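As written, the chains take the letters A, B, C, D, E and F, and residue 1 is the first residue of each chain.
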Amino acid sequence: MGRLARAVGPGLLAFATYIVFSGSVHPLDLLAALLVGATVGLITANLVVREPRKLLQLERLGWLVAYAIHYFFVDEVRAHLDVMRRIVHPAMPINPGIVRVPYTTESDYATTAVANSITNTPGTVVVDIDPEKRIFYVHWIDVKALEPEETRRRISLTFERFAKRVFD
Amino acid sequence: MSIEEQVTTFILVVLPIYIASFTLYVVRALKGPTVPDMVLAIDAMTYDLAAFLVVLAIFFRSPILVPVAIVLALWVYALDIYVAKYLESREMGE
Amino acid sequence: MKAWERIVIGASMVIFVALLALVYTLGALGYRVPPSTPRDLAMVYLTMTFNPSNPLFSAMAPEAVTAIVWDYRGLDTLFETAVFFLAIIASVALMRGVSLPEKPPSSAEGMSLIVKTVTKLTIGMILAVAASIAFHGHLTPGGGFQGGATAAVAPLVALVVFSVYFLERSGVTKNRMLGLRSAGLLGIGLTAFLVLIGSLLSGGTAFVFQNQPKPAAPIGLPWRIDGALTGGTLFLFNVFEALAVSAGFTIVFLLLAVPEEEAIKVVRGGEDGH
Amino acid sequence: MDPAWILVILGEVLVAIGVLCDLVAAIGMLRFPNFYVRLHAATVGTIGGAFVPLVGAALIAAGSEFLGVYRWFMAGAALVTAFLVLILAPAGSHALARAAHRSRAAVVKPKVVDHLEEDRRGGEG
Amino acid sequence: MIAPQTLVFGILALLGLLSMVATYLAVTERDLVKAVVFSAIQSTAYAFMYYLLMAPDIVLVYVPVAVGLYPAVILFLIKKTERFEGE
Amino acid sequence: MGINIDTYLFNLLIMTLFANLAISLYGVLARPSLIKKVIALTILSDTANTFAIVVGYRMWPTPTSPPVPPVITRIPPSREYMDWFTARAVDPLPQALVLTAIVIGLAVTLFLVFLTLQIYRLYRTTDVRRIAKLKG
């Protein structure tokens, strides 16, 4: 029973991927997609989902959408413009270094979401992660601060706030 | 001007810029100097190539060419993972 | 390497290129490359691959490449698959007696947490995309070989990211993959004889690898169900071939990932026994 | 205004942004001094240069009548590719960076500070 | 204005030159890991070439095999044996 | 007969493929390391496959309308569509031949890789010259 409940999430993801990728909603395709979704869900169930109840809480989805909008239209644009300015600037003003950034998220998915958000904004790349001490080591193109709390405020605080609401 | 003509003209303008940037990526990929540098250049180039192939499929008016892009993106990720694993561990299977 | 050897090899390379260029030029004098019209043989395949008005010679699949691979040159492809199977069996035979040691789960194995989580999420999507490529092989570019090669990325990335011990614990073992691979091959063989068996049961005759009805054998698989094209046997061939190819690649990588000490033990032990 | 035109114009704007990011990222790959700094140029190349134009191409395909019935297949496949690029590219660069730092294949130089190196040395000593 | 046909044939010729350079470097390089990466560049050039030659089926099977599986196999092999080619 | 720029570019492509063939042949014959021989062999077979695809290509019907892959995209095909399609599609036969050749080539390469591994386990080297000396 537990495995079946956990299989729903990855199965739905595989089902949606199949339908979107093949771009057709003919009954036979829907049947094939159901088969693929069921098989993939059962295979990867224990790997992917720990607590299937989280999938049903709709406010998490709402926060996910808010996260995406804020991320793409504010953070990404600002970071892209900054790094592109550094690239085309004749003097190439860079000031790189690897700093510690602490994090407080609990689940694997929340941590990964924060790390991927940091890496996907140009200017900061997660080089290593220490799960015991809860520290990201971030390569920063323009080091402005060295203290952990200050780096956290400048790099990852917004991402963490959203990621906690969505995944934790 | 119809949509078709407008899209075709737009893609014809965009195409040489793409070729120029691919040339620059290739220079970095051939130059190195270290293995991670080369793989990173291939990585960035291939993700851009995937986007370019979708645009080119519109230009060729052949929508069925498009699954190519997804396969490229997936397998370049795999290449990254192999090289990273090769560099950091003692045995590939561990 | 000695200097004169280098010179001989370099000179032979230059001669090789020059000869090929000569052959090419001579050919090009009578034949323009690239041609401005397709060859006659190509025209036959292009007009026949999906032609409801001439069902006797048509494969009833809009994808000409898949139609050629599994219909017009079906037996040839079957034997090529057999070559693939034999090469993998030979690899397994070279590594006979080598098995993976048991190891308790630990957090140190594999790569970092981020890569692991991302891979967990994407494995399902990779398999779904591969299934889509294989199942729509008779409509859009794709098919058994392509779908199988795409699906093989899932176990391979899992092997590299999570470690081979993890795969072994979660049930992806060499023997199971050999079983899946044999099931795929058996499916290909059965599909090849499917129409023949059906025809014999109903008292007629048919050809091996028959897809659509022929003059002497008026029986065939349906090429359309509820308005959706299925291409007769092509769909089944694609599914089974994808199964066989992906399982075959997985076996080889499971074998390659065995730690070297184990293999050395087996090889050296065999030497001492002689 | 025709909705198809809106889709196409929006898509073209996104593709144009993508081309610009792509060119700048390629220049950055050549100009930046070491591997870790080049990672940032590669991020510009993958998010601005691949994710954005893929979404744009999906919009163009959805609005282009002349592509025939397969244009939905095209738009869907482009969107799936965009999503995969969004989650795979950062994991790939993170894996490369971590491996390069652990195996010391690339040196962190020029640098202001390297806390990772300090912590690792402290752990060993 | 260049005709689209000439543009595409020009890209094909450029890809041929690139694959030639990559092949030369892959064959003469003594560090085998770098040789594998050069052969991956050559494979990417070939994959793009197949795409422009209107063979999507071949790209779909060639990209997994040549970008994904060959480098993995050769890297496994190098890890188990030796990295540098003796001279 | 004047020289056409398109034909010139296409011939340049074919010449580079010939050069690839020669370079990789040099790698197979003359490099000492078995691993390098395997790499060169894969490049050799890829180049041979590319030749088959290049032979199946065609001139564009007009300089602005590209050829299409050999896949019918309008179901059911009308008479006019079939005429349009056959005037534009590339040759499907080389593609079908190369498709299986690539997968079989990979399987054979995997076998070669296992052989090389076994040789290394027995002789502790992948250099053919040292293996020839060790032979006892």
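Keep this in mind: a contact is a pair of C-beta atoms (placed from the backbone, for glycine too) under 8 Å apart; a residue touches a chain by one contact, two chains touch by 3 or more.
From a predicted model like this one, the values you see are computed outputs, not experimental measurements.
The chains that touch chain B as well as chain F are C, D, E. The chain pair A-D and the chain pair C-D differ in C-beta contact count, and the higher one is A-D.
Distance between chain A and chain F, defined via averaged C-alpha coordinates, is recorded as 39 Å.
A straight line joining the Cα centres of chain C and chain F is 17 Å long. In terms of their C-alpha centroids, the spacing between chain C and chain E amounts to 21 Å.
The distance from the centre of chain A to the centre of chain C, each centre being the mean of the chain's C-alpha atoms, comes to 34 Å. Residues of chain D in contact with at least two other chains: 25, 27, 39, 41, 68, 70, 73-74, 77, 80, 84, 87-91, 93-95, 97-98, 102.
Each of the following residues of chain E touches two or more other chains: 4, 54, 56-57, 60-61, 64-65, 68-69, 72-73, 76-78, 80. Touching of two or more other chains is recorded for residues 65, 111-112, 114-115, 118, 121, 125, 129, 133, 140-143, 145, 149-150, 153, 156, 160, 252, 256-257, 260 of chain C.
All chain pairs in contact, by the document's touch criterion: A-C, A-D, B-C, B-D, B-E, B-F, C-D, C-E, C-F, D-F, E-F. By the touch rule above, chain B contacts chain F in their complex via residues 59-65.
Contact residues on chain E toward chain F in their complex (touch as defined above): 3-6, 8-10, 12-13, 15-17, 19-20, 23-24, 26-27, 32, 35-36, 39, 42-43, 46, 49-50, 53-58, 61-62, 65-66, 69-70, 73-74, 76-78, 80-82, 85-87. Those residues of chain D lying in contact with chain A across their complex are 21, 24-25, 27-28, 31-33, 36-37, 39-41, 43-44, 47-48, 70, 72-77, 79-80, 86-87, 89-91, 93-94, 97-98, 101-102, 108, 110-117, 119.
On the side of chain C, the complex with chain A involves touching residues 112-114, 116-118, 120-121, 123-125, 127-129, 131-132, 135-136, 170, 225-228, 230.
Interface residues of chain D facing chain F in the complex, by the touch rule stated above, are 68-70.
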